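Two complexes come next, and they have one chain in common, chain A, joined by chain B in the first and chain C in the second.
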Partner chain A sequence: MAEEVKKAPRPVDPNSAKYKLGKIAGDAYVNAIEAKKQGKPVAWVSSNFPVEIPETLGIATVYPENQAAGIAARGAGERMCDVAEAEGYSNDICAYARVSLAYAKLKECPEQDVAMPDVLLCCNNICNCMIKWYENLAQELNIPMIILDIPFNPDYEVSQAFIDYVGAQFWDAVHQLEEIFNIKWDDKKFEEVTGFSCRSSKAWLAATGEAHWTPSPFNGFDLLNHMAVMVTARGKAEAAEAMETLLKEYKENHEKGVSTFREEEKYRIMFEGIACWPYLRATSKGLKSRGINMVTTIYADAFGFDYSSFDEMIAAYCSVPNAINLEKARDKRVKLCKDDNVEGLLVHTNRSCKLWSGFMPEMSRQIGEACGIPVASFDGDQADPRNFSEAQYDTRVQGLMEIMESNK
Partner chain B sequence: MYTLGIDIGSTTSKCALMKDGKEIVATSLRVGGMGTDGPEAAITDIWARTYLTRSDVDKVIVTGYGRKNYEGADGEVSELTCHAFGGNYVYGNELRTIIDIGGQDAKVICMNDQGRMSNFIMNDKCAAGTGRFLEVMANILKMDINNLSDCAMQSTSPASISSTCTVFAESEVISQLANGVKRPDLVAGICESVATRVGALVRRVQVKEKVCMSGGVAANEYLRKVLGDKLGVTIEYDPLAQYFGAIGAAIYAYNKK
Partner chain C sequence: MTSEIMKTFHEVAADPRAQMDKYIAEGKKIVLTAPVYTPEEIIHSMGFVPMGAWGADTELDRAKEYCPAFLCSIVQSILELGITGKYNGASAIVIPSLCDTLKTLGENWKYAVKNIPFIAMTYPQNRKPDFGIKFTRAGYERVIRDLEAAGGKFDNASLAASNKIYNEHNAAMRKLDEVLAAHPEVSAAERSDVFKSAFFMLKEEHTALVNKLIEELEGSDAVTGKTPVLVSGILTDAPALNEIFDELRFHIVADDVAAQSRQYRTDVPAGDDALTALAEKFAAMDNCSVLYNQEKPRVDWIVETAKAREAKGVVIVMTKFCDPEEFDYVMIKKACEKAGIPVTQVEIDRQMTHFEQVRTNLETFKDLLSM
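Let's turn to the complex of A and B:
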């Protein structure tokens, strides 16, 4: 048998957004491990917790959802889920939670090691499973947990009462952290952090918005990687700078008529739901090989927090995709579909994320109707590989493509 | 011009040989789908019946779950598109909804007034509401799946099968049998359980008439009737229902000539 010749990976230009963003995402893990070694506090933080708090207080952060996604993408999702299930956690629980609870027990996973936490910062604006997950972590690791309660908002707008309720908790969380770690809040630093967070968000949203060009100057799967920085580091100067580089590159791509989507862009779709990390290659190939570019996804835009006052910041955290009602969630998506000339919608029925997948059948029906586009869904999971069938995925994507073709 | 459509499903293989995309010259069905000799047996049957050979056929298109692994065709297309073509061939442009209950999935295909598929919806990964569910239940009752409908017709009081999970339903059926529930009532309950599950899927796309069923389960008259009643529509049936995929593939082949 001929020996397989492995192509050396193409060197990445250190001035490119890809390099900068990859480095920031990688550094976040390293910095937390370093902080731990130096005896500085480390927090495990849920993805839509106000990053402004730990960043201002100088607390190193680890995002378990991000870690779980990395572990799943590197093929260890099932191994970690098995560990959690053997501990008695049901396999109906979100696989990110299972991976994280398994890590809390093992304290190692070569696919993505992280620093162990001294405190847990939990926010339930993404789901209530988060609360139980973090409560269990707190108990297992015997560390404090601070929760910011942002309930699901059944109304279309965020009321002042809602903002006041969450705003008060924001300061309460700050005071608790000051006390636990004997540190001091610095308003000047806070201002700086919010500045970076808004700069990152503005550039990120503008970059994803470049998808309105046909063909799109980028492959939507790029966003799934780049968004790690928006989740974990949006309050840092480097993040703002890297996001601005990304925006510049996408603009240049459009001007030069090139794209990071390497095939001819025959069809444009919106992808709904968290990525199917264990099968990222298969799900991406199924689209790319048919000339389908996933030009937009609410999942990426969810991490753009742009605001100009404290209240607006709080309102932004109360308006993340899983905290808003069906009508508002639908309207946001319809806007993306229309702005980006989407021809079809592909929905990941993510077995892990009950909240997100639960209202998708009705929401996707309404989006399809409002935009006059076909909708296809497939079963999968963000981290547990046992819930996906490539044949099923392939048939549905092909069916979607055949309708988009006949609609042309 | 002859074209051949091959539909390789999870449990059976079907072929349709057509002339000029309009006339069905021969059809063939063999038990055994993907990964078996079913496809070859079905094709050999076509040659035996028509005295034609592969070289007489201008284009071969394969569809169904086995389409990716079959090498003897000139192209492949999804069974969704093929069922749409097949349904349109039989019922014309008035057809709006096709309900297909196959061996391992259930799908609902919406058609537009030009006879083309405009949208579709498929079941989730669970086997409930698919042909596989009926197959498992027929096995427990030691019955031929083709006789389920006649048996159910004799029911006076259909049993209630509350589990949607195939494995749980299996033990439910066994315990109802042991408790003396009459066989026709049990079979009727099994068919109703599939109809309920598929009915919910159809309602998600807002059923529009004319409605037909395709696939092997379409022949189950009792199930068709119950499903139609649940949806408040009449569900059409044609003996070619099981060949929609293969016919659609042959028509697709002709259109792409």
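Let's turn to the complex of A and C:
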């Protein structure tokens, strides 16, 4: 029997954004492991915690959400969830949390090892589930937890009360970290970090905004990979540079009439929700095989941490997707759909995320109506493979495509 | 036990709509209060009757237009009752955003139940430092503005008076909880009625009845022979659940139930500014799955209370899809096991019609505790 001939992976140009972004994401894990070896502090950090704090203080960071996504994408989501469930965690709980709590117990997972933390930096602007997850990590690992509480904002604008409360917590978190690790805040470094964070954000917004071209110069699934850098490293010089390279490439793609979406772009959709990491290939293929390009997601807007003052920075952290009311969340998506000439909305009803999915039926109805586009949803999960059915996904995508076709 | 007071508690608990209609007929305005904590004192002080909206044991139909299946049934049933007109006549609903599902309830409510205005209460989790107290106060001010739009009037003196009424009610409920621990003849169903009825009566009226009940109980002899347990969870008012507790002769000697004793543990402190004092009350609150505390003192509270009340075991009544409770469960289980206190978990939800799994679980638990 002939051996299967595997295609050699296409070499990646070290000057490309893909290479640079991949290296930054990979280096973040390596750097934290190295810092740990050298006895330097390591923090586990929730994805929308102000990176300006650990970056300025020189604390190495690990993002458990990214780690869980990586583990799930590499096929170990269920195995890790099983470990957490054996401890008593319900399978109703967010699968990222289950993976992370399992890792805290095992302290190893070949699919994505990380440095163990000395402190937990928790911000709940993404969900309150984060608080419970980190409370339990703090107990299990017997390490301090610092919370930067950003409540869900029921109003369209960010009030002064929010700014004052979150701003006070920012400095309180800084002072706690200074005390715990005997380190000093440096205003000059802070200024530098905020500069890089804004540069990265500007470039990210501009790069994702290139989707307004038809055909789009990129496959939206690229964003799911690249956003890891926006989560973990947006306050670093190399992240700003890599994002600017990404923008340059997307512009060049448009000028050359090429795209990282390798099929003919017949339909353009917005994808709503966290990726189904265990089935990334299946969800991508289901679209690509039909000529459907996911040109945008709310992630395009989510990392717009571009600000010119401290209060504006705080307001930006109060305005991330899961911290805002339905009207503001809807308007952001309507703008993306309109700017990027979206023809359909595909919603991932994510079993792990009660907040993201909890008012999605009403919001997606309103988006569909405001943009005159069809909406389809499918059931899935960000990390637990047991909550996704490829057949259902395929049927829903087919249905969405047929309506988009009839609308042409 | 049977008494006229118990009968009243039962009638109120079993038919909140009748209570609502009674107050409306008296010319009073109703403001619904969603779980887990709302500033009832403010609502009361502004001339409204705060009325608990914790949903009902009902089939979900219209709520499914808004909610994915994996949201907790308490929240879904609140929405269901709102959509189907069961809360009609209420002037507003106050919904706090203390868990992710409650956040979505407020957002859905605006479109699903347009005839009852949604008032958001945004509490801080970093509630203990001064900046947290200020933020709580700002949240209360926002609620006041919305209640003024609903026809209420705010002043500091009225709030101070309401704070006092609520503190008196808290004291009565805490005393009752202690007295009930010594009176196994009061059934789980009756205990549930006393606590549940508190959500549907003006607190001054409820306090008077509770004090009478305490007096009655203190003058009677306790009946023994039941198995003492501590019950923990969000909500334990399902008649079928309480029937099982009673049939199996469990005696609830303490509870860590959000809809019961968790409501009454903390008083409003003294202070000239009644609104700041109320914010300080929230800052002092703890031992609850929706209130952040890195130390998780709730876990020790359960262990220590179970020991103090001589509970033979701990029953966790888990509301399905309640992730704050699901996270805490693991820590509670570990701590109880370490302390040598048997613990079991039963899962319930508002749509349940068959409780056989719960019965089997509790029967086995009872056998275990009897060994």
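In this text, the second predicted complex is superposed on the first by the 406 of 408 C-alpha atoms of A that agree within 3 Å, B and C clash if a C-alpha of one lies under 4 Å from a C-alpha of the other, contacts with A are read in each partner's own complex, and residues count from 1 in each chain.
What we mean here is this: a contact is a pair of C-beta atoms (placed from the backbone, for glycine too) under 8 Å apart; a residue touches a chain by one contact, two chains touch by 3 or more.
Every value quoted in this text rests on a predicted model; they were computed, and no experiment measured them.
Of the two partner chains placed around the shared chain by superposition, chain B is the only one that A:376 touches, whereas chain C remains out of contact. In the superposition on chain A, A:349 contacts both chain B and chain C. In the superposed pair of complexes, A:361 makes contact with chain B and with chain C alike.
In the superposition on chain A, A:310 contacts neither chain B nor chain C.
By the touch criterion defined above, A:161 reaches chain C but does not reach chain B. In the superposition on chain A, contact of A:147 is made with chain C only, not with chain B. When chain A is checked against chain B and against chain C, the one touching more of its residues turns out to be C. Within the superposed three-chain model, A:94 lies in touch with chain C and out of touch with chain B [touch as defined at top]. Of the two partner chains, chain B is the only one touched by A:395; chain C is not.
Of the two partner chains placed around the shared chain by superposition, chain C is the only one that A:325 touches, whereas chain B remains out of contact. Judged by the document's definition of touching, chain A residues 349, 361 lie at the interface with chain B and also at the interface with chain C. Residues 65-68, 70-71, 97-101, 103-104, 106-108, 110-112, 120, 122-126, 129, 131-132, 134-135, 138-139, 289-290, 292-294, 296, 318, 320-321, 323-324, 326-331, 333-334 of chain C are the ones that touch chain A when the two sit in their complex. Chain A meets chain C in the complex at residues 87-90, 92-94, 97, 124, 127-129, 131-133, 135-136, 138-139, 144-145, 147-149, 151-155, 159, 161-162, 164-165, 168-169, 172, 325-326, 349, 351, 354-355, 357-363.
Contacts from chain A toward chain B in the complex involve residues 349, 361, 365, 368, 374-377, 379, 387, 389, 391-392, 394-396, 398-399, 402-403, 406. The part of chain B that touches chain A in the complex is made up of residues 65, 68, 77-81, 105, 116-122, 124-125, 204-205.
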